[in-house]
Every structure is written in structure tokens, then in C-alpha cells.
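Per-chain numbering from 1; labels A, B, C and D assigned in written order.
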Amino acid sequence: MREKKYGIWQTTTWAAMAQLVEALACGLHQAGLQRGEHMVVIGANRPRLYATMLAAQSLGAIPIPLYQDAVATECVFPINNAEVRFCVVEDQEQVDKMLEIRDRCPQLSHIYYDDPRGLRNYDQPGLSAMESLIATGRAEAQAHPGLFRDQVELGQPDDVAAMFFTSGTTGNAKGVVHTHSTLINRAFVGAAFDKLTLSEEVLAYLPPAWIGQNIFSYAQWLAAGYVVNCPESAATVAIDLKEVGPTYYFAPPRVFEGLLTNVLIRMEDAGAVKRKMFHTCMALARRVGPDRIDGKPVSFIDAIKYRLGDWLVYGPLRNNLGMSRVRVAYTAGEAIGPDLFSFYRSVGINLKQLYGSTETAVFVCLQPDNQARADTVGMPCEGVEIKLSESGEILVKSPGLLKGYYKNEAATAEVLTADGWYHTSDAGFIDSNGHLKIIDRVKDVGRIKGGAHDGSMFAPKYVENKLKFFSYIKEAVAYGDQRERVCVMINIDFDAVGNWAERRNLPYAGYTDLAQKPEVYDLIRDCVEKVNADLSRDELLAGSQISRFLVLHKELDADDGELTRTNKVRRGFIAEKYDTLVDALYSDRTQQYIETQVKFEDGRTGSVSATLKIGDAKVFSPVRAAA
Amino acid sequence: MAFFLEALFGGLMAGMLYSLVALGFVLIFKASGVFNFAQGAMVLFAALAMARFSEWIPIWTGIHSRFLANVMAFVLAAALMGIVAWLVERLVLRHLVNQEAVTLLMATLGISYFLDGLGQTIFGSNIYPINVGMPKDPLMLFERTFDGGVLLNLEDIYAGSVAALMVAALSLFFQKTATGRALRAVADDHQAAQSIGIPLNRIWVIVWFVAGITALVAGIIWGSKLGVQFSLTTVALRALPVVILGGLTSVPGAIIGGLIIGVGEKLSEVFLGPFVGGGIEIWFAYVLALVFLLLRPQGLFGEKIIDRV
Amino acid sequence: MLYRENGQLKTTYGADQQIFPIAQDRWLIWALIAFAFIAVPLLADEYLLRAILIPFLIMSLAALGVNILVGYCGQISLGSGAFMAVGAYGAYNMLVRIPGMPLIPALILGGLCALAFGILFGLPSLRVRGLYLAVATLAAQFFADWIFLRIKWFTLDSPSGSVSVSNLQVFGLPLQSAADKYLFCLGMLAVVALLAKNLVRSAIGREWMAIRDMDVAAAVIGIRPMYAKLSAFAVSSFIIGMAGALWAFVHLSAWEPAAFSVDLSFRLLFMVIIGGLGSIVGSFFGAAFIVVLPIFLNQILPAAGAIVGVNISTAAVSHAEFMVFGALIVWFLIVEPHGLSRLWSIGKQKLRIWPFPH
Amino acid sequence: MSQKKIGDVVLNVQDISLRFGGVTALTNISFDVREHEVRAIIGPNGAGKSSMLNCINGVYQPQEGSISFRGQTFKHMNSRQVAEMGIARTFQNLALFKGMSVVDNIMTGRNLRIKSNLLMQAIRNPFSIGGAQKEEEAHREFVEHIIDFLEIQAHRKAPVGQLPYGLQKRIDLGRALAMEPQVLLLDEPMAGMNLEEKQDMSRFILDVNDEFGTTIVLIEHDMGVVMDISDRVVVLDYGKKIGDGTPDAVRSNEDVISAYLGTSH
């Protein structure tokens, strides 16, 4: 394990780490930390904090990592909920938090801090530096040489190893309880899957309280024995990333997105020649890159070109992103845009998706190298069974499942069936080549009623996303729940379609006009039918094919309440607002007059009216999979 | 004794010329903070121009009065120096505003190289005479006081007095005329001067022009003594210690310094020279200035520098 | 573009402080050294070695010395030529007066003479700054000119101070062929450059730069201006002195005081300005530029003249050389006052963050 | 914040007068500084605050008066001596070494402690011959602790010239800290800073004061900041001392008030 401190990468060897852990363990033991008791750890990625977690575990105590950026009050519940007496924190900031909530958590008796900066004059009882803890620990270890070993021996695979609090969207957070065996098992499976070796480099820069970071820089660190690097400070992550050049990299989509935008912005300032070069190379990359990294054959010429591009752009780019050496990179958590995804793959970074959650100790599904897709999350990995409930929810059975929610039988029962199936509350299915596709949160998934596909599943968001992957389509609103067929209202992307129109020198006056051009309808129809063709390929969703669509006369706008402030479509609201249109869609009219109030930028309201055509789209008969 | 007086006078005369060149330095330094190494080159350039014009003009115009020819040559040469000044401001100073002193120093070195090259390309690189009709015949003084009397060169006296005149004129120009006052303002504080609407660039042109004239005069005098040749450039190097001695920013300093150096040089040459193999005037001035610096870093009349922190 | 810095993490201060922290740079420099030591002597012809490479190496050495004083310590000097002269004549005297004196010690002793001379004329720097100092150093120049012209002892009573050395030997090996001389100079340069680099990146170097950038602050944190300035003068003039000796012995092999005139001082100053103040590598660039330029002009001008049908006399060429030279200096100061080394480092930075502009 | 114990007088200034030519900058100023305290010198611009420090530093030589440090009394201070005695100082209008990186700037603060001589430094090498390298590394480590303390890790290798003003002030402080001073003279450490920067700076100053027990003499012309962080305050106006005492005492002192109202701050 390495940590950048005082300007250089201070290396901690395994041996040193072992001694540190022993000392800490003995120290905590002497301080009275009991087997099975919980201990809170708060702080950024710091070797000594990892060490304390190890120490606690070797005593059979249960470390609870909490988010270092959580405000004091957020810490109250977990600490009380798990009757925590011991907490180990990083620095003054965290200590202040603990002291602040102390009156609400009377049992919190021991607070240890790693970095004494600014704490010289703190004299609250029970507050002491990790240094002194280690010192006493050393003494203790001297006194009873066997102690540490014995304590470790006592540990059983099925003892509780750690507890992670999931940020509960509603009510209090739930403490997810994991045993040694679950974590270790998953860690090894993941490691085996990507053939991780001792020589991997990992940069630990996300909160350790997040299961993801914890698995990647703790469990797998122990399992695979690779090097974990801790950045110097939040401000220097970018620099440190570049210096380390991790070979095994993990980040949620937003991080990748941030990096990409940053790249594009910086490129904008570049000279014309450079920009040209960059864009040509990227075009080439988009064409050739994915195949290349998927190990598919590419034409000789392209191969040559790509080499050149690699020398001119991709290589330096990877270098500046700190990803020259990345062998395996994962993204998870939310769906990642296909462009974003393919960008990284096309410049030769082996970015893949995985599926999992706190409750499943991350690894449920992984994408094998050269089978990474933007729209799937990979194949069930070793030891995992997956089945779909009748409601289409994904059920998981895996050695990595949680033991339960701490002191929350009800919640546990909800998600964990008696026969050991875990309810992910995601709707999805295994596609024809064995990859898991996530469609939607179960609660959004609806049903087709009547018609050819009576009772089959309807996943609006899935359909909408599929449509939105076309650059011409900005927003789409799909209806079909409790109806016999699926219809959508579409917002064209004014710029994209505008360009398209100009290239065909197709005159238009503003959005509304452009939206109603027959040519545009044809354009959109193509998209819709492509989607249909795609949908028809998997039997479950064949029913969600779009039979009728229309292009809205105005852009959906948060000011008009049609979108949330985070630009998600408010399906229900829109349904009411444009009920005439919805009706029209489900009738057999071919056009419909509509007049709507709109708020302008300056707050004035006016109305836009138009007669909207309604287009029919070809629907494909479902192709039976695997046949 | 007579010998001593002769040396003394000789020294004073030379000193006058030094101060003349030194004035060129001081003027430019005061106005633009530039330590103008090109002064020497300007002397040579001006002198060459003068010499050749006075030689060519009769050929061009058929005027045979040497006086007229000389006057016209002087005017032409002066005009030429004006152009030089203008170009220097246009092409160099303008682009080097508020650079460090070293950079500017370098720039003037560049200029001097350029002028040397240019001058010799245009006007040729042989030795040319300048004849402004200064009598070459010797003059005896104090024949009654000392036997043998004191032998002086009438030419020297002329030269000296011309230089003195020039110096006086310049100091007047500085003290009395509006431009002169503007110059002093600029010298004190560029920003301030600019803010009260003194056009820096024009000032610089003027200053360099004036420096050019002093160079011309100096050039004529030296030229008519020793003939116009490349070695004239060294005159400037000789004048440097004068500036140091007098203080970079002080006109009277330049004058007094010039005299001190001139006299010191001659006397030392005459009285010390023989013992150390002669030719010491090439460094004596410097060592003199150096020793002096150690005692008074800002020169005779320079302002004291206080470090503000 | 060529840089791949990922994974070059520094786990010790030693690694972080090395001269070339980036691996790619290290490879490059080794390649360069290998090329200079092995390939060049084999490939280059007599003329190239004698007329260009050897002068370039020696002048680089001298420029290095000047740069330490002017670039790092900020003390303008117009007396560099004098230090070279002292070095040259000092070494000469050591060589001829002390029987069996080997070459390298002679050079070093020459350097030491220059060092003493340098400290002596560095004294004014304690009292005066900037331009005053520049002029003060001119004193050194003229004093040296005079000494070696007039004081016969230094030149063993040779007329007009012109002396010569012949059949030089290094460790018993004769220093005859151009290649030998080239290698000898290269070796000297390489060693001195390394030592100099070490100095400027160590405590003493920081003292110099501190004095240069803000002398009052430097004094307040306990840096003695006297020590800093004089040590700069000492080191600088020592290096310049050695360069002078090399110039005289290896390049000229017969010379007179005029060889180290004030003009040479100016040229040295140009080298460091054009090359880049406060940059070791800049000294090389500057030297290369100033050494090659006149040769280049001598080649090109008559040719150019011939094309236009004008026959350009050698005199004209030398005058034109003056003009071009002067013009270039000014042009440089205006366009890139921080010299070639700045351009170099900018280019390098661009390569590192390629394809990004910043 | 717990009570820190304030020791006895370390630095004592006795009726210092300083003149430049005709101009009088300081007239009979005397005050003392006690161990571990934060001592502020305030006053309107041009009150002679900086000149006072310059006298202590030996930048200026006062015509009259004397300064004594830990018992030794001096007529004139000599910068080197002052530094060796452990008095460090920061500057009002940044006096950083523009041409050097952040690390190097702070490293200069260690120069007094560098033992290896010129030759050893010249043959500096990775093979630990001559020990110059080892020494460099040791000092670098110390400097890195300061960098960590001042939270400027991200700018370590940057040339100071390019950094924002607030950061440069920090580096100036860092350079002073590198000398491990017993007494730290701060010349308007917060001048020209925005509120946030000011708070950071005061935090650093207080941290220095009680982490390392460094005595601090602090110059400010804006009273606000000073009053909260200093133990005792000297007030200068036009080179004369018009007030001395605890912040509260000074605040209620008429001369001081008038001086400040007079120069409308």
C-alpha cells in the first residue's frame, strides 16, 4: 500500500502493515474493544485507517466505515443504531464532528485520530491519538506475544466482517451486514475473473464507506495482494492519478463523464490544426477502436491508421487521463451513455460495466473483456444465480449476499426470501447472448393490456433511453401501461435535426415548423423502427414496440413543469397536459390540433398551437430468441 | 612644472570630449532608463557620415566652398542621426518597454553592432579625414613664466571650447526649454510623466536625437584630430567610467567626471606610465571609477537608493 | 506527445530530485551523450570538428560560466573575456614555467588564476548593482588586456603578448587530430556541466537565485550576499578561465591578448541572453547560435550576392555580419527575452500535455 | 482553544529612531515581545510599521536606540545574525524569489542549516558520496512537512510567479517557517486578501503559534483581524507610538481612535 504524503509516495510493505495491524489490534483490545462489537471508521483513504479496520476485524469486531463528508447529525443514527463505543477518525474535522454529537451518543467513549494537526489543545476525555494507541499496542504485544494470533484464530468465516450503511432514500439508513466469507468470496471471484495479480496498481480516491471503493481497495487488496495508492489530498487526485497510472480502475459513470467533458473543453482551446487532427483521429477511433479492443479483426489499412492515431492522440490522451496502464476499468451504479462508454473503449481503455450493489458485495454480473456493451451489464459471475420474478424483477442468489439489515428484520424480509433469493428491485432480463440487461426500477415497469402482447412487460424508461440514444431525438415520452400498444411523444433535438435539414437544404421556420416536416417524420420513423426491430429481438420486450408516435410541437421544458429540474420527463404530468394528444395517439386519427400555454424565458406566457401529424411505425413480429 | 601644466591642459581637453560623450549616455539613461552602449557606434556613424558627406557634397553639387560643404554635411549627418533615433524608438525601444535593464543594455549592444556594420557598409571602412578648419599649429603660453613655456595645441583649445559650448548648451536645453523639463519629468517617473500627458515615445526620439547630435559633435572633434576610423567606437568605452564617476543620472556629474577622468588619465599616463610599461590610460579611468564606486556606489551626483520592503 | 509518465511515481526524495525526473528525458540524454561521444567523431569531418564543433564546445563551457554569474546570480558581467584571458595565460605560464606539468592540472590551475582574478573584480558587486557593476567589470576587461600586452613577464617577453603551445598531451596521449581535441573538450564540458548543474540545483544555487530575485529578502533569511556573490564570481570565473585555457590551447594554439578582447565578452553575454538566463541547457543553445551564425553568414551572403549578381567583398561580408548579428540580437530580445531555453521548455511542456493546449 | 502560557520578554526594542535624510520614519519607539505571545503592531499606512521590522531585521540601521534579544543588546542588527538567532520574517509586498519553484523558495529558508560546502554540493550524487544529497533530502522532507502544514501540495513544483496572491503569501510564510524561527515577524500577512483567505491565514498563524510555540510579531493596518488573534497590541502613527496594551485597552484609547478616524479606515 502506498500513500502520497510529504511529496513522495510513502510505501507501506505488507510486513510493516502486519505489524501496524497487530499493534493497533492489541491497542484496541487493551482499550476494551470486544468481539462482535461495532467500531466506526471515518476518513478519507488513509493506510492507517485501513489498518484499523483490519485490526478490528482481527479482533472479531466489526468496522463500520462512514462517509467522511457526512454532516455530524447523519452519523448519529448509525452510531447509536450499532451501539458504537469506539470510533477511529482521520483528523480534526472528524473529531469535531464526533465531539459535536457526543451528547446524543453517550456510549461513544473512545475517539482516536490519525492526524494530530490542530488537536494539540483538545483535552476531552476518551480522545487520544492513534500514535499513543499504537504505542500501548506495541507494549501490549510485547507483554502477551500470543494475543494477536489467538484473536485472529478465533475468527470464523461466517462471523460478521463489516457493516455498510446504505444511504436510505427514505427514512434512516440501513446497515448492510456482511460476513468475512461473503466479502472474501466476492473479492476472489472478481480478482479471478480479471486475472488480477500482485502487480496491479489501484488508486483509492472514492469514499471508503462506499462498498465499491471498499471492495476494490480493501477486500480485493487483501485478496489479490496488489498495491493500493492513496492520493495526497482531494486537490491533487488528478496529479496523483497521472503519477500512479493505475492498472485496475473503478469509477461511477459521472467520473468518466467529467473526465470526458474536461477533455473536450480543453481540446476546444486547441489550435485549428490540432483540433482537426483530434477530431479526425477520434472519428477513426469510433469506427475502428471498439472492434480493435473487442479483438475483432480490422482491415490492415485501418490498423495502420489506428497505430498512427494512437501515437498522435490516443496514447497521449490516455497518458493525460492517467490511464496509459489501465488493464481493466469498471463503471457501475447507473446506466452509462453509449457514446461515453465507447469513447473510452475506442481510445483503447478497457472500460467495462458490472452490476451489483451494497447488498450483494458488488460482484453480481461482470462484462468479460471484448464483450463489453453499453446496454448490458455483463454475465452472471461465478457462483451467482439469477432468475426473474413474474414481475420481471431480477432475483439474485450468490455467496456474496448480505446477512441481513442490522436490527431491521422487516427490511431484511422484504429483500431476502427464505430460500435465499435477493430482490434487487431492478427489472431486467438476460439477453440472447447471456448478458444481463437492466431495464428499469421495477416500480416503473408496466404491463401491456390486451392486444397481441397481452400482459407482457412494458418498460417506458428503457424504450425512451433507446430512442434517446439517437442524436436526433432529445426527449421521448412513452405510454403503454394498461393499454394495448405503445405510443410515444418525441422531442427532436433542434440542433441535430436542424443540421440534418440544412444539409438536405430543407427550409424550415423554427422548431414547430421543422418538427412537422414530413421528412422529419420519416427520419424519426426510421429511428423508431430501428428501436422496434431491436426490441422485437428480445421476447420479453417485444410487446413494448412502438406502434404510433408524434413529434411534439414544442420542446419539453422544466419551466412548463414537463421536466424535472434534473431534466427527467414527468410522464404523468405530461400525460395530463397533453391528454388530447394521448387520446389521439390511441385513436386512429392521423392528426390533432393542439394549443398549449408556454412560459418564455422572461416569464411571460404565450401559447403555441399546431396541428400535429401522427405517424405509424412498422412493428415487427417478435423474433424468438435462441431460435 | 610646464610639463605638468601641459599634461593638465591636455587632460582637460580630453576630459571635455569625454564629458560630451558621457552626456550622451546620461541623457538617454535619464529619459529612458537605457544604458546606451551604442553611443560609441553613434559617434563613429555620425563621424563617418560627416566625413563622407563633406567629401561627396562638392562632387554632387559642385559647391567648392569647404565651409558650405561642411555645413551641409553637418546638417545631413544631423538629419541622419535623427532618422537613426526615430528608427531606434520605432523598432527597438517601443517593443522593450519595462524590460529589465540588462535586456535593454543588450539591445543597445545589438544596435551598436548594427550601426557599426551599417556605417561601414554605406560609408566605407577606411580612415577618412574631417577638416572643419581647426588650426593645427601649436601655441606657446607662459613663455615668460617658465623657460620653454607651455606647449599647447591650438586645436585642442578649439575642441575643448566647442565641447564646453556644447555641454553648456545641453545643460541649458535641459534646464530651460519645455522639452527639457518634459525630459526631466520622464526621467523622474515614467508613469507619472505619461499620466500628465507627456508622450514617452516622442520624448525618446528627441533624446536619442540629441544624443545623436552630441555624438556627431564628438565625432567631428575626434575625427578631425585622429581621422575618422573604427577605433572611434572605443571613445565610448573610454567615456563609460566618466558616467560611473559622475553618476548615471547627473548632467553636471558627467561634466565633472569627464574632467576628472581626462586629467587623471593624462597625468597618470605621464607620471605613472613609464614605470609600468605605459599604455595605462586604457584602464586607469576604469580603476579610478572602480575605486570610487567602492566609496560611493551611486556615483558623485547620483541619488541614493533606499530598499523598500 | 512522446511522454508516457503514468506509473513514474517517486517513492524517495532522491528519485524526485534527480536532474531528469522523467524517464523519457533520461533516455534521451543518454542517447545524446552516446551520440556525441561515439557517433560524432566517426561521422564529422575535419572542418566540421575544427571550425564548428570544437569552438561550440568551448564556448558552451564559457557561456556556462557566464550564465552562473549573470543568469543565476544576476550579476551582469562584461569582463568575461578577461577571465578567459587570465585562464589562458595562467594555464600557459603553469605549463611552460613548471616543467612536466600535465595538461589537465595546468588547465585547472589556469582556472584557479581566473578564480582569484574574478573574486578581485567581483568585490565591487558588494557595493554596486546592475549597470554600475557591468561597467565595473569592464575594468577587469581592459586591465587584463593591458597586463598581457604590456607586462612582459606574463608572456615570457614575447612581442605583443602573442604566445603559442604545441604537442599537447593528455595522460601521455597526444592531442593532435581534430577528433582527439573534440573528445577532450567534450569530456571537459560534460564533467563541468554536470558539476555546474549540481551546484545550481543545490543550496548554493538557491542562494544565488535568491540574491538575484530579491536580495533583501535573501539577506533576511540569513543568506550572506557577500558569500553568495563572491562564490558566484569564483565558480563562474573558474569555469570561464578553464574555457579560456581550452580556447587558447586546443582551438587557437597560438594567440595574443586581442583574442580575448571586449568583443568576446559581449559575444559571451549574447550567448547567455539568447540561450536563456538561468538555464544550463540555454548556454549550449546560445553558444551554438553565436558560433554558427557568422560561419553561416560567411557561407550564405556571397552566395546570395552571386544570385543577385552582386559580388560581395569579404569586407562587405564582415560588415553585413555585424548588421545581421546586431539585428538578430535585438529581434531576439524583443521576440523571446527569455531566450531559446524558454522556447525549449515551452515546447517540452506542450509535448507533455499533448494533445491539450494547456 | 486552551490557555497557552506566555513567557518572559524575548525581544525588547528601546527608543528606536530612524531617519532617511530629512525624513523621520520612527521616533523613540520602544516595546517588548514576550515568549509565545502574538504581538501586533498596528497603525495607518505609512505609520512606520514596516520600517520598525526592517530595523529589527537589520535591513535598516536606526540612528538611535537599541534592540535586545534574549539578553544580548545590539545597536545595529545584522541580517545574518538576526536570522541565526532565530528571527524569521515575511514581507508586505511579496518578496518571494520569482524565478524559483515553491519548493525551492521554501528550501531557501533551510540554507542556514546546510552544512555541506560548495565542493560537496558540486559532486552531489545519488550514490551518497559526500553527503550533500542526503542533506538535501533531509531538508526537503522538512520542507514537505511545511507544505503539508500550509496545504499547498497541489502547487509544490509550480513557479511562484504564476500563483495567485493569497497562495504566494502562504509560501512567504512557509519560507519563514522553514527557518524554524523562535520569533516570527509577519508584515501585513493578510493585506489584499479576500475574507476566506484571511481566515485561512489567521488559522495558520494561530496554528504556528500553538503547534510550535513560536512567538509572533504581527503587523496589520486593518484592526479587525488583529484584535481577535493577538494578545497585545502596539499602535504606531506617523512614526510615534500612541498606544500599547491588550486589544480591548487599545480599542478604547482615544489617540488610537482619532488616529484611525483621522485616516478613515
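What to note about this one:
Rule of thumb we're sticking to: contacts are C-beta pairs under 8 Å (C-beta built on N, C-alpha and C of every residue); 3 or more make two chains touch, one makes a residue touch a chain.
Keep in mind that what you see is a predicted model, and the values were worked out from it rather than measured.
Considering every other chain in turn, the ones in contact with both subunit A and subunit C prove to be D. Of the two interfaces, B-C and C-D, the higher number of touching C-beta pairs belongs to B-C. Mean C-alpha position of subunit A lies 80 Å from that of subunit B.
Rounded to whole angstrom, the centroid-to-centroid distance between subunit B and subunit C, based on C-alpha atoms, equals 33 Å.
Averaged Cα coordinates give subunit C a centre that lies 40 Å from the centre of subunit D.
Subunit A and subunit D have CA centres that are 50 Å apart. Touching of two or more other chains is recorded for residues 307, 309 of subunit B.
Of all residues in subunit C, those that touch two or more other chains are 12-13, 16, 216-217, 220. Annotation for subunit D: residues 59, 91, 95, 140-141 touch two or more other chains.
Listed in rising order, the residues of subunit A touching subunit D in the complex are 5-8, 117-118, 120-121, 123, 232-233, 235-236, 239.
Chain contact summary for the complex, subunit D toward subunit A: residues 1-2, 103, 140-141, 144-145, 147-149, 151, 153-154, 156, 207, 210-211.
Of all the residues in subunit B, the ones that touch subunit C in their complex are 35, 91-92, 95-96, 99, 101-103, 105-107, 109-118, 120-121, 125, 237, 240-241, 243-244, 248, 276-280, 282-283, 286-287, 289-290, 293-294, 297, 299, 305, 307, 309.
Taken in their complex, subunit C has these residues touching subunit A: 1, 3-13, 15-16, 353-358.
The part of subunit D that touches subunit C in the complex is made up of residues 57-59, 79-80, 82-84, 88-89, 91, 95-100, 104, 107-112, 114, 116, 118, 121-126, 132-133, 136-137, 140-141, 175-176, 179.
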